[in-house]
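Here chain A shows up in two complexes: once beside chain B, once beside chain C.
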Partner chain A sequence: MGEFLKIVFTTEFGYSVLRVTTPILFAALAALITDRAGVINIALEGIMLIAALTGVLFSAWFNSAWLGLIMALIFGLLSGMLIGYFHLQLKTNVILAAVALNLMASGGTIFILYIIAGDKGISSSIASKVLPKIALPLLDKIPVIGPILSGHNVLTYFALISVFLMHFFINKTPLGMRIRAVGENPEAADSVGISVKKTQFIALSLSGLIAAFGGAYMSMGYVSWFSRDMTAGRGFIALAAEAMGGASPVGSFLTSLLFGFFDALSNSLQLLRVPAEFVQMIPYVATVVGLVLYTAAKRKQHQRMLMKVGKKMESEA
Partner chain B sequence: MKNKKLAFETLRTILAISISLLIALVTILLVSETPGAALRAFLFGPLSSLRHFGNVLEMMIPLIFTGLAISIMFTAAQFNLGAEGAFFMGAVVSSFAAVQWTLPMVIHPIVSILIGGLTGAVFCGIPALLKVKWGASELVSSLMFNYIALFFGLYLINYYLRDPNAGAMVSYRLAETAKLGTLIPRTRVHFGLIIAALFIVLMYYYTYRTRWGYRTRLTGLNDKFAEYAGIKTASVIISAQLLGGFIAGAGGSIELLGLYRRFSWQQLPGYGWSGVIVAILARRNPAYVPVAAFFLAYLRIGADLMSRQSDVQNEIVAIIQGVMIVLIAAAGFLEKSQYRMVFRDATRDLADSVQPAKEA
Partner chain C sequence: MHEDALLTMDKITKVYPNGIVANNEVSFSIRKGEIHALAGENGAGKSTLMRILFGLEESQGGTITLNGSEIKVGSPHEAIAHGIGMVHQHFMLVPSLTVAENMILGVEPRKRLKIDLQKAIKDTRILSDKYNLAVDPLVKVQFLPVGTKQKVEILKALYRGAEILILDEPTAVLTPQETKELFAELKLLKNLGTTIIFISHKLHEVKALCDRITIMRNGRSQGTFNISDVTPTDISRLMVGRDVILEIKKGPSRPGNVMLSVKDLVMANDLGQRAVKGVSFQVRKGEILGIAGVEGNGQSELVEGITGLEKIAHGEVLIGGEAVNRKSIKEIRNLGTCHIPEDRMTYGVAKEMTIEQNVLADKHDSPAFTGPILTKTRAIRDLSNKLVRYRDCRSFASAEAGMLSGGNIQCSCRPEFFADPQLIYDSRSADLGHRWGKLNLSVTAW
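Moving on to the complex of A and B:
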């Protein structure tokens, strides 16, 4: 136990929590925007993989990490649009369309990696670029907080900022309000002239774009290469994080942080003599437990509300 | 009318398959320096020898099991994607039975498969229970359970069944009595194929000829209506997923006992996801599952042969599969021509019915 606490209460651990939270947070925000529009997007896993590979390839070709990022974002956006087109125009069940995209991304990235790098596992033969790390001025001088918060990848800071951007976007902008209206009551939204199809298409496209940030971070920040199936279920974990966070940006941020904590823990605990398999299981078990606790609490709250309304009606009658 | 709908659906499926194959052909032509050899290996390789055709049949077996598993769960409109984990855990637990127990010849595999099936049922059943009891999405929790199954299974093997004398991380040898014998000589096709056929018949009967199957289909079509009609939808939802998990788990143990000498998987084998493809190709109908499984197995073996004999990698199958799924699952694909067909038939029927009236 002493050793365990020694691991958790270090600035390195705090730093690594933020580092591993970043991709989950991007994906959770991507899940949020479609969820608010009333569609579930389980293709985040595949979109992140596609973006991760595109980032590596184009950053090497253009010799610029930023251009690599832009290309990754474009491909993410296109993937989101593709899901939107199949779901909304060709009426494919959105889950099946996403399963198809995930399968294609998993095999297709390996296929392309082999053609270009001549290797099916890892892109180390490609001289890809990494997005810069940023030392926060002044903050990095403060003990404890400085080493935890400063010196992260630029996308980690952007992920944190995105939480507030998303909050603003969903709650304050006309498009955000349209998205919420469509998600909460599509018939009502339709009756006031909001196109449900168009709004959901925008939401799916944006979710592809946001997930692509997470994918690009994986291969151009978290590590400096692409390896097969490197997202390892983060796109799926993000769905749970978003659900548990009550589909709100700040809630999703907190739950992503929780999963980041367990993820970092599983990395650190491997130093102790805990069976590695158990440690690797932690984030997934935590996800299920969290999801159940959240939905159960929500259901109870709903029932209590119904009871209240019922009692009120009784007393009025 | 029903026949016409079936014919149209068949046409749609064939067209979707053709389009995806066409995309594959174009890709091969683009990337390969020996496209002729690549195409030949891809399309006709599986037919080139008994051994290769045997590979297709042996690959078909796990696809049939996960295809049936996903079919019954999707029939109940439950998007439980836990067949992957159930398949893996089924193999893990039945390898314990196959290594540690001493049982006579025929009984040993039967017991091992049953235990594997029950394990699978538990793994698909938990997300179902969480959904019915607390409302947690079975989609998300079953995705998590796949990873839990992977790491938990690896833990069990590494800490309780690992053979320290074997070089790699593998289990002890499975007992000879537990193995499924070879069905077709000079291939690796094992008796699992017979068990798979049995499961197909049983699942067809269950889905279309029993009260339970009817309830499952009705619940899948409209759960509120089913509830009003007096069906206990919660128990239908749970039983469909328990059954699906059982089939997937049994499939995992059959794969292990039929083809392996030791438990040696270090990754999820991916048959759960393939089951989704099979179920969609087969339109969730157990009778079509073997056809779909054969087709998919043929594609994969063809691609494997191609990657060995030419410079095109077998991951090209992933592209074919993806295009196939979205096109077949796309209700809007060819929708206009279907409307046109229905409209044409209706006007003709109308004309026919008006004609005799005039004469009279």
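Moving on to the complex of A and C:
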């Protein structure tokens, strides 16, 4: 136990929580935008994988991490648009389209990796680039907070800023309001001339773009290579985080942070003599437990509401 | 058609994919600044005609002329651009948005990247004052009473520049006081130059409000008349196609023991507000109890409590002396309860299944119809055929429920289809006495 606490209460651990939260947070925000538009995008996992590989390959070919990022974003955007095209234009079930994309991404990335790098597991033979880390001036001088907050990858900071950008976008802009209207009452949106299809297509495309940030971060920040299925379920954990966060940007950020905490914990505990398989299970168990608690809390809330409504009657009578 | 016509729909024909002819060469014309009633029974094709005008449905034939030039209305967006606005029977509002946000949805004023909410609020206030439609722009729509939601809908149409306003059965959801208020508002609108199409089948309302009337029956227009030239009897004869007898013969009731007892029932709605506030009543065997009230005043929640569809917040429901508070829906049904829901298409039948399959819905676990592994096809077919032949349900047991007309769906929701009914809840039956009078049961209606 002492050793456990020694690991958790360190600035290194705080730093690593933010580091591992980043991809989950991007994916959660990507899930949020489609959820609010009334379509669920469960292809975040696949889109992140595609973006992760694209980033590695193009950053090596162009010899530039930034161009790698841009290509990753383009491929993410295209993947989102592809789902939109299948679901909205060709009328496939959105879940099936997303499952197909996930499977295609999982197998396809390995296939392409093998063709280009001659390896089915890892891209270490490719000289890919990494996005820069940023030391925050002044802040990095402060003890405890400095080492936790400073020196992160540029995309980690962007992820944090994205929470506020998303809040602004969803709540304050015309497109954000249209997305909310389409998700809540598509007939109402339709009756005032808002195209439900177009709005959902935009939401799916943007979600591909945002998830691609998370994917690019995985292979060009979190680590400096691509490995098979490296997203390891983060796209799905993010769906849970978004739902538990009540589909709000700030709520999703907090739940992402929670899952990031358990992810970081599983990384750190590997230093102790706990079986690796058990430790690796932690983020996923945390997700299941989190969802159970979330549902239980919702139920409790409903019961309390009924109690309140009933009681009020008694006191008035 | 008329030289002074503002808008003319000529020979409009609409056939739905299931073969129902909703509009058969309907011609319809309105003058500027009038309130024009569009009357007819349910299913006469009024709403379809208006949905075509508003771009929600495509017609198979006919033309629409506005101010002398032919127009094509392919979507609500185009209808709005032509100055046509519609207030639907089911409100097209987004509950979590405020009144002002609902007003501007789709035509948002902008301030750089943001929505200019201040302008939206100001515009709402100006419009609300001008037309004497009192609404608070800052309240979320979900907290508004029905009458106010309707005002928001009318303002929404006016904000988009509607000069022709279609109101689809606007009084169906209003109390008499609210209806009076609405009529005053509509007359003011008319004086300010708006042309109004008022869909209704309530004759006295049409007489009180409208200038002219077009009557529809079975997808055909029965003609347009000045309201002063026709009597209510004329109108109802044209609507129904025969003289209407509004009285029914009913023997004296011989009520027995108490079947249903509701004590201090409190129910919450979806928003956690009290919808049913301590309601108590009793129904005896062989009695018909009517529950009156305008939509949205707790009737639905009351039924949900009695039938076990929602949890009871407080109070007690006894069926045949047994408390049902903790019973499942199945247990409540087994006490002899039968529920004919308000929205039959959604809650009454499974649309894509056959009548046979629908009939089986609450009997699938009865040994009479289900063997150890497979269902007993013949027993089910026999029962369905027997029930379909019963009275006048003219349909086939193997037909899909969704293909049936409203009346026939009602048939397949009938309690005769369920085992030994003791209690029936029915909403929305036009001829209750006729339907249930012969059965020695307790019926609760609203």
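We adopt the following convention: the second predicted complex is superposed on the first by the 297 of 317 C-alpha atoms of A that agree within 3 Å, B and C clash if a C-alpha of one lies under 4 Å from a C-alpha of the other, contacts with A are read in each partner's own complex, and residues count from 1 in each chain.
Convention: a contact is a pair of C-beta atoms (placed from the backbone, for glycine too) under 8 Å apart; a residue touches a chain by one contact, two chains touch by 3 or more.
Here the structure is a predicted model, which is why all the values come from computation and not from measurement.
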{"item": "Touching partner for A:173 - first (chain B), second (chain C), both, neither", "value": "second"}
{"item": "First (chain B), second (chain C), both or neither touched by A:96", "value": "first"}
{"item": "Partner chain(s) touched by A:267 [first = chain B, second = chain C, both, neither]", "value": "neither"}
{"item": "Touching partner for A:305 - first (chain B), second (chain C), both, neither", "value": "second"}
{"item": "Chain B versus chain C as contact partner of A:190, first or second or both or neither", "value": "second"}
{"item": "Most chain A residues touched (candidates chain B, chain C)", "value": "B"}
{"item": "Common interface positions of chain A, toward chain B and toward chain C", "value": "none"}
{"item": "Touching residues (chain side chain A, partner chain B) in the complex", "value": "40, 42, 86, 89-93, 95-97, 99-104, 106-108, 110-111, 114-115, 120, 233, 236-237, 239-240, 243, 275, 277-278, 280-281, 284-285, 287-288, 291-292, 295-296, 298-299"}
{"item": "Interfacial residue positions of chain B with respect to chain A in the complex", "value": "31, 79, 81, 130, 134-137, 139-141, 143-145, 147-148, 151-152, 154-155, 158-159, 273, 276-277, 280, 313, 315-319, 321-323, 325-326, 329-333, 335"}
{"item": "Complex contact set, residues of chain C against chain A", "value": "56, 75-77, 80, 86, 88, 90-97, 101-102, 105-108, 110, 113-115, 156, 160, 264, 266-268, 272-274, 277-278, 311, 313-315"}
{"item": "Touching residues (chain side chain A, partner chain C) in the complex", "value": "172-174, 177-178, 180-181, 184-185, 187-194, 305-314, 317"}
